[in-house]
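Scroll down for the structure; my scribbles are underneath it.
Chains: A, B, C and D, in written order; residue numbering restarts at 1 for each.
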Amino acid sequence: ENNGGGGSGATGGGQQTASNSSGPTCTLDAYGATKVDFSKAVIGFSQSEAEANPFRITETQSITDEAQKQGVQLLKRNANSNLSQQISDIQGLLAQGANLLVVAPLNSEGLEPALKAARDKKVPVVTIDRKLSSATPCKDYLTFIGSDFVAQGKRAATQLVKATNGTAKVAILLGATGNNVTTDRTSGFTDYLKANAAGVQVVAQQTGDFTREKGQSVTEQLLQAHPDITAIYAENDEMALGAVTAINGAGKKPGTDIKVFSVDGTRNVVQGIVNGQINGDVESNPRFGPLALSTLKDFLDGKAIPQTITIQDKEYDSANAAAQVGSAY
Amino acid sequence: MIVRLQRQGALVVLVILLALGGLLFRTFLTTYTLGNLAVQASFLAMIALGMTLVIISGGIDLSVGSVYALSGVLAAYGSTRWGLAGALILPLLVSGVIGLIQGTLIARLRMAPFIVTLCGLLFARGLLQLITSEGSTTYLVPPGSAFRWLGDGTVLVVIAVIAYLVGGVVLQRTPFGMRLFAVGGNEDAASLMGLPVARTKISVYVVSGLLAGCAGVMSAAQLGSGVTVIGVGLELNAIAAVVIGGTMLTGGSGAVSGTLAGVALLFVIQELINQLGRFNSNMQNVVSGAVLVVVVVLQTLLSRARR
Amino acid sequence: MLRAVGVSKHFAGVQALREVDFELRPGQVHTLVGENGAGKSTLIKVLTGVYQPDAGRLELDGEPVSFSRPLDAQAAGISTVYQEVNLVPSMSVAQNLFLGHEPRNRLRLIDFPGMQAQARELLSELGISVDPRRQLRTLGLGVQQMIAVARAVRARAKVVIMDEPSSSLEPREVETLFAVIRRLHERDVAVLYVSHRLEELYQICDTVTVLRDGRVVHSGPLADIGRLELVATMLGRELSGDRTVFAGEHHSTDATVLRGKGLRRRTVLDGVDLTVHPGEIVGLGGLLGSGRTETMKALVGLQPLDSGEIEVAGQRVRAGSTPAAIRAGLVLVPEDRKAEGIIPNLSVRENIVLAALPRLSVAGIVSKRKQREIVDTFMRRLRIKAASPEQKVGELSGGNQQKVMLARWLAMSPKVLLLDEPTRGIDVGAKAEVQALVDELAGQGLGIVLVSSDLEELVEGADRVVVLREGASVAELTGDQVTVDGVMAVIADDH
Amino acid sequence: MLKRTAIRDYGVYLALVVLVVINVVITPSFLTGDNLRTQLVQVVPVLVVALGMALVIGTEGIDLSVGSVMAIAAALLPLYLGYGVVASILVCLIAGAAAGLLNGSLVTFAGVQPIVATLALLVGGRGLALVIANGQLKQLYNPDLLALGTSSVIGIPLTVLVALVLVIIVALLVERTTFGRQLVAVGGNRRAAEFAGLPVKRTLLTVYMLSGVFAAIAGVLASARLTASDPSSLGLLIELSAITAVVVGGTPLTGGRVRVIGTVAGALLMQLISATLIKHDVPASVTQMLEAALIAAAVLVQRERRNGK
């Protein structure tokens, strides 16, 4: 049978580790939060999207598991990709008595009213996986734990340049339009190429909406319009897998004739690297539970918390994939 | 009395659910929770108001969700360039023009409203992406801007309430309202009776566009920025609210009060499901769909019993 | 006053008007006559801005005018009752009367109490006793038609045009209508009146214009032209016999082909008993709203019954099921052709075979050949005038639409034919044809139930008349009793 | 006059031809077998859904739930593969029929308006699909199923052949069967259909069930091609594409008429538009705006003209 990747790796897989602990910090006093006993605290978790892909499933599962492990009460709400819903979710969690909040923002802007509601109740907010771009840490929210999407794009570009020896015609499968994950993973990728790899030419950028189906059909079209494409950068793993199917369908060998790079680090793609169909994958680790909760605990204990906690994402390539595939999510 | 209640099927269900929520959850019937719901509902309320008028006139407007998002972005952009005036005028102008174009295509060129506004949906979303360089630029409302005052929760709710009062009076007590009912009830007859059918239809799409635009402006003021990802699928919520409120999609009958109850109902149901906290996101959707079926069937049966 | 000069109008495949010259003078009651499809309604629609003429021009008070929509014509003082009742069914009577001209209060909002009062006054003036707050759709067609008239005369217009306003009216309402027209005439308003009931024209009109195939073939004082001559001018040929072609007596047998017993349904039917023998035409008499249509709908299962029994040729038929009634051989040609009869977008062929489809198909596949046979037979037999069997029914004239409806049901070889106002809006020629056809069908042993608000037609046609009052059958007239006066007496007699 | 009618009736074919010609000129390697095959393969799900949608629209209805029904079918597909491909596909089709039965019952018996009746399943159906699949995308390994998605017969992909057969069936159904004619009559004038003794309710129920079954077929075909069951994104927004294809193909939303071949042309047209824009790397924003304009233009050309206006 198969394993589409996902939940199973939530606790078993690689833990997140913070990479930088320098920079400004935040304390209970500076933030002005109410001090509560962590073990008696009620944590509210606002998830942004439905648990319908490995990343979200693992993320929610990780937080649920960790809360259980720590023995704290957890309230969960899911905004189903609706920003307005997320605002009411956060307000609803506050109304239900949450005194610590973990928020996976749907968008890097627009949570202001919700943050204000938390502020009014002196409830600290840890944002995970997506950074709020114009809100101020230690003021509007406590801290951000997550990956740097621009860096992910850059690392994918680095992998690509290395694997293609600096000459390639690459097509980009963009994520959903208007999503800032898409924007960041694109700019990180293209900026790096512009600065460092004159031999790599981007011949097309089309959206694959983060889905396998679109990834496949767009790749099919692009391969016909640009038969000279030698590499594909997909901004998530689903699209990369779709691209692999499309390349196969066009009678070419994915991983060899056309090299494929992607971001996410799901098990299917890491397995794809092992099989030689995919050439590189940058991890975006969704297991936020332990780090998020320990951060909140430290904060309540009066420790200074870094205002940005960037997690260390792994990178998979043919050298390490076989060894690491078990810990991928 | 009973007839009255039947006509207000949504209101009855709403009251029952509120009472149920109050009994089940200590944190439900509080001013905090209900107040927050009211604020969040105000955007959909504005959009559903326009949708009600359009549907009464026998049409439908699928573009509202996109126009809403587009106006939000334009409002934020306007506020960065020209302050409060820009934040208000620019989005309303654009959404009004989109409504005008749609209305003209529908009324003068006799194209199907469903298709015209579906094109409007795509077009407005595309335009939004164009002006935000494919969603990568976010316009922030300047922190000190007077425009932010508009985003205060109370102000938002007051705007929506006023809109409904005005909407109710226009619909029930003005010749324009009568024309909407007539056009929706029997367009050919309305035309033969010498009513300005085309003008009426165009106006109603302009009004719908403006109300969606207004909702977008309100959201930009509340969110403090022009968020590009909002409003997807909102048109369907608006249609659901209108229908739950007892307005027939066939046109010619309906009331804005029902729509308001319908909007409230959607939010209350969602909040109840959330407070139950028992379902994961996927199950939540199953429950929402099931509840929608029950409410709509109830509403339909009630209104049929009236006949 | 209102003049059309050299007006032509073309529709896909049809030249509806050919260089029509027409003039309407103040104080004139002018009638426009012609066969179905002669172009009367089209001319009216051109005069009132619904259609734009392909050629020619309009003049009002000697000035050239052009109306791009009905609103313009109304603004110029022309008010019109169009042929199909054109009101908004979902709105109240008062709203329908005042749409576009609502009385307003000081706040510029609609003054509903004032509107209701004015409506009540207007209606009582026209002898219509109906609550102005009632939804229009809850009213019978006849009442709706009177309300359309009320709306047209409410505005102080210079020209009032009425396209077949009397087609579903009872003699009593027709009298009221004529009183209204006389008052308009006294006020020097020009009236254009269209009707297929010739006797009406001679009562009320002074001038006549005859259209044939979109051409004006005669125009002049009505008094100068006799009825027979008028018909001949309209048809372009002589019509055998005078006004109606029902043969009268039929040879019915003693067997019962339809028996309805104690039909009851809350608020509409209160005990209707009805028996029909093969080869017999039974008339249903009664005032507007007396339940004739309801009875017929109940018989064919379009209305559920609270109690009562229906038998066709001795077999019980399940009440409330149309397919069951049709299988039993009981079929209805409904009164409201447009809403309940034709499917306008489908072709003549498809409309005819619609009900018969299952028996024309093998394993669900329709046989083209069998279809063609049936369609050919009936188009020939009923002399249905259409460009081809593939023409859309919606484009045919009323009379031909009615024949298509008849064809649909005759194709089912029914045992009993229920006809609700079968000649409504049909020209003399077609009417005679339909009547002759009905006669012929009865002659072939069909049981027929006939409803007609044209009392003469009812009396001429029916062998027996059952009179309904408030949803109950109250009397039965046979033999010599079947006269206009006789029926009137029973209908009016309410104890 | 005649020319006008011709443009109206054949507008969609004309537009298709124009687009093909434009592509032959501006798009490299457009007239290759590979490319044409790709376009056909990609259009299959939308086309199959649109066939069912055309029937529903013919009755003056609409079915918004098709995308979610596709997702349900996709979610069910891997569960029963153990019993063989045929069995598991059958399960999917039954699920589609059941979904259609729900929609149809709401419309016919409860009298709920189609757009709202099917909206409920649009919302709930995808949730249900995700619940069934536990939120997971599942890779499909069954060789028979994958053959369905990837193999060809005499150069024509199997999925395209399936779609072709369905097109022929639906065309015959509409034109040649009692059911088809009754369907059109119900859409043309529901009350008159009732008066004519047609089985109106049964017809409506069947139509919605067919739409559900077709959506399920589309779900199976799309999954087979994808070599995965992806209930979270399969068929998202396909209802809009399908409705557009139907309407662009000349079937009016007001019912009473179904144009099957037009629907095929409509679907192909939409597919070609999007393929052209992708191949020429037009950004998403412009793509959407252009698509909107082109749909509007296509519909404008063939709208029902009012006589006398």
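The working rule: a contact is a pair of C-beta atoms (placed from the backbone, for glycine too) under 8 Å apart; a residue touches a chain by one contact, two chains touch by 3 or more.
Going by UniProt, the chains are B, D = ABC transporter permease; C = Sugar ABC transporter ATP-binding protein.
Since this is a predicted model, take the numbers as computed values, not measurements.
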Contact-richer chain pair (by C-beta pairs counted) among C-D and A-B: A-B
Chain at maximum distance from chain B (ABC transporter permease), centres defined as averaged CA atoms: C
Rounded Å distance between chain C and chain D (ABC transporter permease), as computed from the means of their C-alpha atoms: 43
Centroid distance [mean C-alpha coordinates] between chain B (ABC transporter permease) and chain A, Å: 33
Rounded Å distance, chain A centre to chain D (ABC transporter permease) centre (Cα mean): 34
Centre-of-Cα separation between chain D (ABC transporter permease) and chain B (ABC transporter permease), whole angstrom: 29
Chain D (ABC transporter permease) residues counted as touching two or more neighbouring chains: 130, 135, 283-285
Set of chain B (ABC transporter permease) residues in contact with two or more other chains: 128-129, 134, 280-282, 284-285
Junction residues of chain C - those touching two or more other chains: 50
Interchain contacts, given as pairs of chains that touch: A-B, A-D, B-C, B-D, C-D
Chain C contact footprint on chain D (ABC transporter permease) (complex, rising order): 1, 5, 176-179, 181-182, 184-185, 188-189, 191-199, 256-257, 307-309
Chain B (ABC transporter permease) - residues contacting chain A, complex: 27, 30, 32-33, 36-37, 39-40, 43-44, 128-129, 132, 134-136, 138, 140, 151, 153, 219, 222-230, 232, 267, 270-271, 274-275, 277, 280-282, 284-285
For the chain C and chain D (ABC transporter permease) complex, residues of the former touching the latter: 9, 11-12, 45, 50-52, 300, 302, 322-323, 325-326, 331-332, 334, 339-346, 350, 353-355, 357-358, 360-361, 364-366, 408
Chain B (ABC transporter permease) contact footprint on chain C (complex, rising order): 50, 69-71, 73-75, 80, 82, 86-91, 95, 99-100, 102, 104, 108-110, 112, 151
Chain A to chain D (ABC transporter permease) touching residues, read off their complex: 2, 4-7, 50-54, 56-57, 174, 177, 203-207, 209-214, 216-218, 220-222, 224-225, 227, 238, 241-242, 245, 249-250, 268
